[in-house]
Amino acid sequence: MKEISIDVPVEPPAELKPLFIPIPPEYVEDAYKKDEYLVLVGPQHPGSGHMRIIVRVDGDVIVDAIPDPGYVHRSMEKLAENRLYIQNIPLFERPAIMDNANFNLGYIRAIEEALDIEVPERAKYLRMIMAELCRIGTHLYDAAILAVFIGHTTGFMYPFAIRELICECLVKMTGVRFTSSFIIPGGIRRDADNSVLDFVKKATFEIERRLKNFEKIFIKNPATIARLKDVGVLSKEEAIKYGVVGPFLRASGVEYDVRKVEGYEAYDELDWEIVVADEGDGYSRFLVRVNEINQSLNIIRQAIGRIPEGDVISQDLFENVNANTKNPKDIRGAFYDLFANLKLPLGETTTLTEAARGLLLYTIISDGESNVPYRVRIVSPGWLYLRGFMESLRGERLADLQAIYGSFGYFPPEADR
Amino acid sequence: MKVEKVEIDPISRIIGHINAISVGVKQAIKPERITVEYPRERRKLPDNFRGLILFEKDRCISCFRCAFICPANAIQMELYDNYYPSIDYSKCILCHFCVDSCPTTALKQTKIHDVAFRDLDEMVVHTDEMINPPKLVREDKITVEYKIDRELILERRKEVENLIVDVEPVERIGYHSACVNPQNCIGCALCARVCPANAISVKTEDEKRVLSIDVDKCTGCGLCVRECPTKTLSLVEVV
Amino acid sequence: MEAIYKWSVELPKRIHKAKYFGNLEAEVIDKGLCSHCGTCAAICPVDGIIVEDKPIEFPNWKRDCVNCGACVRVCPRWDYKPLNGIGEYIEVLSAKSKRFKGQDGAMVTEIMASALEMGVIDRAVFVGRDENWKPVTAIVKDVEQLLEETIRGTKYSFADVMPRIKELIKDYKVGVVGTPCMMSGVRRLQKESEIFENIKLAIGLFCTENFYHWQLHEFLLKEKNVDMKDAVKTDIKKGKFIVKLRDGSKVSFPVKEFDPIIPSGCEVCQDFSAVESDVSVGSVGSKGGYSSLIVRQENAKEILDYIFEKGYAERGDMSIDAVQKLCDFKIKIHPYPPKH
Amino acid sequence: MEMLEVLVEMFEMFKSNMVNIPLIQPVIDALMNIPIVNYIVALVLWKPFFAIAILPGLGGIMIVLLLMVYWERKLTARIQWRVGPLEVFRPLRGLIQPLADGFRYFFQEVIVHVDSHRPYFVQLPILTFIPVLLPILFIPAGEIVAIRSSYAIQIIVALIALIPITIIAIGWASNSRFAYIGSVREAMMYFAYEVPFVIAVLAMILMYGSGDPYVIVEKQSVPGVIMNPIAFLVFFIATLMATSRLPFEIPEADQEIAFGPFVEYSGILFGIVMTLAYEKLYIMCLLMSILFFGGWNGISIPLLGDLSPAIWLFVKAVVVMLIVALARSIYPRFRLDQALKLGWTSMLLISLVSLALAIVIRLSGWLG
């Protein structure tokens, strides 16, 4: 039935003016003229992270969603410009603290490419194990956030309990639960002996066993399926057009995974598949990430099975440096001598890594003279798929905003960097 | 690998409900709890855990490496009889770059992670407060360890774990500073001035300034090599 | 270079009881012999000596000077024996650069650019100028930087070239352009410490005298009411100082009128043709648009062969006796010991 | 002087209709002959007063509140692999946590924000007690009953239907964006469960032939659940919807609209409003146990006399509540339109089927 709109002089509520919102005043007037109204979701809202979404709502249907990111922007790229190359490692783990190995790996691979350091095999395998552990941790973290967004508190508690196992593995390997800054140019800081490795292997089976409970109570729960099925659909073309990355791109049917494309560390030596779904709705995004956990588990088992013996710090670091200890299995004592005056040659190196939430890009530009980077560019996955996330909100119900937010696993600190 | 299709016909829905309720009831009867009741139980941490940092004064050669490498500028060198590190825990992110950089393992890690300070300036732990561990109030009687064989068991043992880890020092390649191109030297004796172990002595004999390095006193910290404006000195391996 | 643990350094004669900089100040600066070349600042380990648009000084040197004696050993004016004449040389020619436009033949820029290209040097210390012609030293890394207009051409006032060498000398091979006193400073630096062997190319300029910028600027403004802001080019031809202005007009007057503002250090200097440089460059003795070159060392010879082989410059002939005449003229007008 | 006669007359009235509990009968007799105290004892043990104040009434609610909040948090914690409230009174593993919460709400400052409609904002939570507590008048527990009426079930259902109106008024009074959305959702949910709920109750009344609880309980030689399980299913889902328990926690979806209509409340007002949901659940569980689980008939314990049927009714209601608590940890939240679709299509259909079943049983004369 045709909507009759009477031309009543409407001026938007006074509270919108003092708030700095990144939309032109005419847009606000136009919204209120069409008797739609603006709901500001966030930045301090139980249902959205530290990001404000300006939702233009017509009744219960979302007409338009404008993101207002930047609340947790820590200007990491600027901070990186006055720190040594090695001192940037703890900085670049902080965007997504659970996914620290992947973020750390991206930055270190950029340095290694610039200095073309040869990383020993064992270090590659250990790095890959840590990266996969952090991937599972992030997938579980986002599954929990999705569960609590649609009200399933048990769905929140189970993944966080399972994540405790992953943190236990990381503590045994690196000494710290997650932001381990363990990966250094040329390898990793310490070797992980076999007792730790078979603890990790047993942990993978325990994670799988506990995931069955989580699957029965949340993943296959009919209420969850009802809430997530056909919600926030992104077709294949739309996903590509809006530049969605990672599991959310694979959920819309595009089979693209940087680990297969680049084959960095030792991913090309193990056999695992890329998980793809083609509905592109909230539920398939969630299922893709759940199946990726299984893929990661079997990557870890294969890696532990075939990990070669040998040293974990590459020899070309020790060459023209009088380091205090020359032990290729443990960096202790020689950390400063090897890395303090690390200078990258003039030029620019770029690396792509598959972080848990998608494509992660690092570009280091060095002026060849100073021991601090001239410019470091980091584009995190959250920032790349923010547009796709906002487009998928269009036409959905306001109550579904949280479900789609959770299915995208949007993480403001990572997107704002 | 394709994600399998999800069918939503009534039968699968009912099975879904039954499964969900069965998991809920099963867990209600026999929960697989992993909670550790923290103050009364403490979780066993591995020996390489990165906690509070302790310092051993007589091993330190005050080479400033820890202060230079700290990403958070948390380490400040304080002058006692020589320069020793003091850590400002309001800045420290416990990345242990300093512990890994210390050539003589004067900085050691411990398993103490639950540290409380009354106010901000107490967080600046001076050198003499870093030597022996802080006063620990230990309420925990049980140590819980994560053990997995067929499934995860939280093994609870009635013992109080010692949080101070004894770290065997790194076997260090001895270095000492030596003059490799004497003709560069301009006799400014900055190296003697900066040497913490005052191993470099300066004398003026008949119109000549004579510098000499006492090899046994020199600890190989490398400060003189960095300070010299004309690249005269360099570290040489003790053979 | 095997490791030794006992070595010594020659200490210069100490005339006064004070620290060595005190001696330098008393013997050279206060006596007016200081040519403001900045070599002492290049060697001072504690970076205390300041080279600015005023006489050399070391604020509260009594406390900061570490008494190493380096500045005294390297100062060209410490027990000064003036150098003069043409000095020995390998060959004499004049040339005009095809790539660059500069003061005359722009050969200084050309030699430095080819040295960079050949890899003889990694960095070159040049003297650019800001909008009112105040000299500003610039470190040149690649040839493109030399295309920039303000960096070429003579500036006729003091610049802190030598202290800038100090930052580069530890890591790079350095090329230097400078007045004859700087050239003798470079030679003494190389004798003092082998690290200065990294100075691979020293280009000397024909120089009668140099000025403090503020004095020159003020003199031109008051006497000749020429504001350097709108000057396009400054030159000395046949004893006349010529300033070309933006609006095309020219102001020229005999160089002798500069006498009142000649610094005391230049009044005792008799070295016109930079005897101790690798190659001396100037406008005297070659026709318009050409620079005359006196090649003194082998490294300069190789660079010039490379230039001509690459065809970066045209070759011309130069009359050496014009330069000889000026050298004798300089000895005549700057007697040592000075008259008054 | 009449004052005294009135008092004596009332005393006689109380004495005539007292609850007899043989267990503590001697104590009561001893107390009765102390002049002033006997008035109080007579009043307290007077059946209607006892029904309202002690067992199925306020006393029951108090016990249920304390027990239910604790049980729900502990049960959800157990299912979620964690421990739940613990530190409040460690030896009892946190048993008095609800008491502590109540205590906290009692002393917390009540903030009435500027642009809320002040009088309504403050009084409405207290007004909601009327529709919530009135049904207790009509819920009999064996002999202990406040008002005996043969239309008790209908009155209870009518009063329960009043509660959402006050919640919507609360949402309107707080005049905040989220409260507004919450109250609109409350209104929607109210439509969703009201019709099937009433039809289910009607089916049961039809089946028993009268709305009088006593008649219903007598006829329940076989518990109502077995006779008409479909009606029980509808009634159970309607209770979940009415008290917005988890699968249908839509009005107070704290992730979406931060606790719905009650978002602006704090202090004791928030305490009252929080307990409202539990009281409504208690009333509906009492109704459910009367209609479906045979009310208060169970093996009577001679020692307790009149009290044993009341305790039976109370225990059945509490058991039903404990089961309802399980839903909170198993289900996520449905969307509003899904809940409405469920309410209007499937539940309405099932309640009509249960009505047909009830008619068939009624005509078959099984219950006579």
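Here the chain labels run A, B, C and D in written order, and each chain numbers its own residues starting at 1.
Everything below uses one rule, namely that a contact is a pair of C-beta atoms (placed from the backbone, for glycine too) under 8 Å apart; a residue touches a chain by one contact, two chains touch by 3 or more.
This is a predicted model, so every value here is computed, not measured.
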Compute per-chain Cα centres, compare each with the mean of all protein Cα atoms, and return the closest chain. A
Let me spell it out: compute each chain's centre from its C-alpha atoms, then which one is farthest from chain B's centre? D
Where chain C and chain D are represented by their mean Cα positions, the distance between them in whole Å: 101
Distance-wise, how many Å sit between the C-alpha centres of chain A and chain D, to the nearest whole number? 47
Geometric centre distance via CA averages, chain C-chain A, whole Å: 59
Need the CA-centroid distance for the pair chain B / chain C, whole Å please. 53
Would you mind listing the residues of chain B that make contact with two or more other chains? 20, 23-24, 27, 32, 34
Junction residues of chain C, two or more chains touched: none
Residues touching two or more other chains, restricted to chain D: which are they? 79-82, 329-331
If I apply the definition of touch given earlier, which pairs of chains qualify? A-B, A-D, B-C, B-D
As the complex stands, chain B meets chain C at residues 178-190, 193, 204-205, 207-213, 215, 229-231, 234, 236
Contacting residues of chain A [partner chain D, same complex]: 39, 45-47, 60, 147-158, 161, 217-218, 221, 223-224, 226-227, 397-402
Mind pulling up the chain A residues that touch chain B in the complex? 83-84, 86-91, 154, 161, 164-165, 168, 171-172, 174-176, 179, 181, 189-190, 199, 202-203, 205-206, 209-210, 213, 216-217, 220-222, 225, 229, 273-278, 283-284, 287-288, 291, 295, 322-327, 330-337, 339-340
Inside the complex, what are the residues of chain B that reach chain A? 1-3, 6, 8, 13, 16-17, 19-20, 22-24, 27, 32, 34, 45-46, 48-50, 65-66, 68-72, 93-97, 99-105, 109, 146, 148-149, 151-152, 170-173, 175, 220, 235, 237
In the complex with chain A, residue positions of chain D that touch it: 76, 79-82, 177, 246-247, 249-250, 253-256, 258, 328-338
